[in-house]
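For reference, the structures are reproduced in the following blocks.
What follows is subunit A paired twice: with subunit B in the first complex and subunit C in the second.
Up next, the complex of A and B:
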């Protein structure tokens, strides 16, 4: 890499970080009552007790903006890892059944075992994501021709659809217990509590760090397993770490926001358009761009039909579906 | 042979297999192969489709685990080295590698430095020098910033060779490096490989489809059939009408190249009645 390109990439990265910072402030200022950016800034850097707007910013709005940032980063990095390791341009937690599995498991955990707000939520989500992924790969592997991108998508759609049907039936049968879930099920950052977030934080951090550590090896894996092995990559170990990271990131995201579709698909592809195929760049850029994307989408979800709020997951799906179709036409 | 001579023979050969069987699942494709690669030479593995030559190469490169027998690298079992240490001694170019979309030539070649880097020491002047040397050898300097997938087949193959060269290993294992290329490009690449081996004192094992290319460039030819080695030696000893008939089921005449004296194989179809094999060979 030439020196100019290094400087360009580094400045691009910090520009993206700055963009996320601005989106973060904007996100906080928008709401039922608009709070000026100057007040938001004041509330963050020098909060005063008893100032109502400061309390709103710190207690109500800032947590949601932080959730948006974490969820966006987690899903985008999970998608980037999956695409790199499997060399499948359509791999993503949503399409391959991980989101559906995690969501289903969280509903069981909260609705059945009443574990809301505990450390068990991300654990249930992780187990669900793993089972979902295993189901999708098993079904696709049994299809004629094995686990190709196409059979994986089909089996992912079948597993996700099936789990969603069971969830819907459960919601209809027990409206009281599951009332909280209706919004969460479509992917939402509204009404999440800080407790769940704090329990999800270690999963999020572990997944992100693991992704950064194996980024070099993922670049090699993207050139084919035998090429990577020839370069001295322990392919089995890296695939195992990548799977663990993807599961942890998906679990963290679902615990906080439910299933936000297509974030993991769209962001890595956009990043790759600008940066090429080096995962040492794709991973951190996906994290930052994914964070900014979900923050902006969450602003749109609250502003477009105000005072009605659309679920964030509905907006990410609406924006992601055309990208998905384009990728299928161009790459499958 | 005495014990000391035996030990000398082992240490002199950088890569060898003893009683090696390899395959996929339960099915052994390579059966009980014993082979020593000679240092400073090009060895070509030839044989009909499905004879196990690629499988043998992958096993020698520790990409496929042995079912029985063992592969030795520098006199020690290859499995006793961490995979990254192996990658500093031995590079391998598999058949039909994939260039991720958007990867530039320089970025691809730089991947060859992977085994020389760690998480905290990622790019050194030594890495840069090795990449530049590899790109100069393969004549890629003008294409440095081009995306790999926009290049022609021959150019792309030169990129992969450059990546393997940047890995800077004494041993190179290449699986069909000339397949799907024009004849001129095939000859250019083989000439390049020959220069690399003989000028730098490296050791190379190639799987080759094209017998005449193997005969023209390899110092030694290993001929395989149905997972076993049937014949091994310099081209003129291995490329013979009777071997071609029994191994390839090919009726062919073999004549010496008028310039180099290396054997040239001339396949005959049943309709060719002009020259019987015996007369052409004389």
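Up next, the complex of A and C:
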């Protein structure tokens, strides 16, 4: 990497971080209640106890913006890792069954074991994501030709559909017990609680740190297993760490926001368009761009049809689906 | 003798049939012309809270109802009916026909001669009509208590309704005699969830009493169309602040006031500080089954509750 390119990349990174900062400020400045920008700023730098507008900014808008940043970064990095390790441009937690598995497990955990707001929610989500991924890979691996991008997508769709059917059956069989999940199931950041976020935080941190640490080896893996092995990469170990990181990030994101589709697909591809295939850049840039993306999408979810709010997951899916179709046409 | 028997049967049939099958035509909220029995003997209801409960209160012959499955013990129950009337699937002849959507075969097995349902139900009116005459209500067209009136009229239980109305009128008169209702504001919250606060133009029986007694309600509630509901952003919570506020919890799910409090804390951390009603100790958390029900028993309970909270105590020593 030349010095000029390094400077450009670093500048680009900090520009993206600044962009996320601006999106964050925008996010906490808009809402159902019109609060002057000066008051928003005052709430940030000199909050006063008992001032309602300050409470709105600090207790309602800021947590939601922080959740959006965390979830966006997690899903984007999870998608980047999956695409790098599997060399599958369509890999992402939603398409390969991890989101469905995690969502299913959270429903079981909260709906039947009443684990809402506890440390077990991310754990349940992680187990679900692992089971979902294992099912998808096992089914795809058993297909003629093995786990190709196409068989992975098909088995991902089958596993997601199957788990969705069980969720629907549970909802129908006991509407009363599961009606708290309706909004969460559509992928929403509205009304999420800080307790669950704090329990998910270590999972976010562990996943992101692991992703950063293995980014160089993922670049090698993305060139092929033989090339990676030739470069001295312990491919089994890296794959294992990558899988653990992806599961941790997916579980944390699902615990907070439910299934937000396509974030892990769209962002790494956008980043790759500008930065090429070096995962030492793709991973951190995906984290930052993913964070900004979900913050902006969440603003749209709140204001486009105001005063009615639509779920953030609906917007990410509406934006992500065309990208998925384009990728299928271009890369399969 | 044989001829005599046949003749007797013909005579009985000639007189009995018109009585048994006597019908009349009504127009339901979908604009459908429905021929219903004048004196229904086996009624099925596809909504426990909004149809079965009123029918039970009216003493109508309900043979089948939509119901719920308890979160607590997985038993089947008719929401609000158990606590307001004592009726349940166990202690009555009412058959459980499922949660939403109901089991049409179970419905048919109950052999109803009249079916009541809501437009929001997932059951198709024409399919239901194949089982028995079906009347569809639309709460956007007919107010919930107006549906109650129509149920009484269609089931021939109007005398019972008049008694219930008379009782409510007397209780209401007592409330307005003892409380200066027009100078007190009351804010009603169904509950908080997913970052919003659920409010209604007229929140069940409690909302009905508040309106009928002439209490002031926050503009944000008055602005909702009659029969409508809204999800108010938590950011606008102070718009609901009133002299007295009520929030609800699900008693049928073994919830208590702490659950209503926890939900509001989740929606707006420190919500109590933002509401004068709450800081001054005038924020009450009550069971939703009684507050929300469309029921004259609930109206009684709500009237008495407001009277208890708001009527001034007698000065000490007098």
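Throughout what follows, the second predicted complex is superposed on the first by the 332 of 332 C-alpha atoms of A that agree within 3 Å, B and C clash if a C-alpha of one lies under 4 Å from a C-alpha of the other, contacts with A are read in each partner's own complex, and residues count from 1 in each chain.
Here is the rule we go by: contacts are C-beta pairs under 8 Å (C-beta built on N, C-alpha and C of every residue); 3 or more make two chains touch, one makes a residue touch a chain.
Keep in mind that this is a model prediction, so the values were computed, not measured.
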Overlaying the two complexes on subunit A, which is it for subunit B and subunit C: clash or fit?
fit
Can A:87 be said to touch subunit B (first), subunit C (second), both, or neither?
first
Now for A:219: first (subunit B), second (subunit C), both, or neither, which partner does it touch?
first
Draw lines from the C-alpha centre of subunit A to the C-alpha centres of subunit B and subunit C: what angle do they form, to the nearest 10°?
150
Tell me which partner A:286 touches in the superposition: subunit B (first), subunit C (second), both or neither.
neither
Please work out whether A:231 is in contact with subunit B alone, subunit C alone, both, or neither, and reply first, second, both or neither.
first
Taking the superposition on A as described, I'd like to know which of subunit B and subunit C A:276 touches: first, second, both or neither.
first
Contact-wise, after the overlay, does A:155 reach subunit B, subunit C, both or neither (first, second, both, neither)?
neither
Report the closest approach of subunit B and subunit C over their C-alpha atoms in the superposed model, as a whole number of Å.
42
If you lay the two complexes on top of each other, which residues of subunit A touch subunit B in one and subunit C in the other?
none
In the complex, the residues of subunit B that touch subunit A are 58, 61-63, 83-88, 91-94, 97-104, 106-108, 110-112, 114-115, 117, 119, 122-123, 147, 164, 167
Subunit A partner, complex, touching residues on subunit C are 68-71, 99-101, 192-196, 231-236, 238, 253, 266-270, 273-274
Of all residues in subunit A, which touch subunit C in the complex?
31-33, 50, 52, 55-56, 59-60, 64, 172-177, 180, 183-184, 188, 190-194, 307, 309
Contacts from subunit A onto subunit B in the complex sit at residues 1, 87, 213, 216, 219-220, 222-224, 226-227, 229-234, 272-273, 275-278, 280
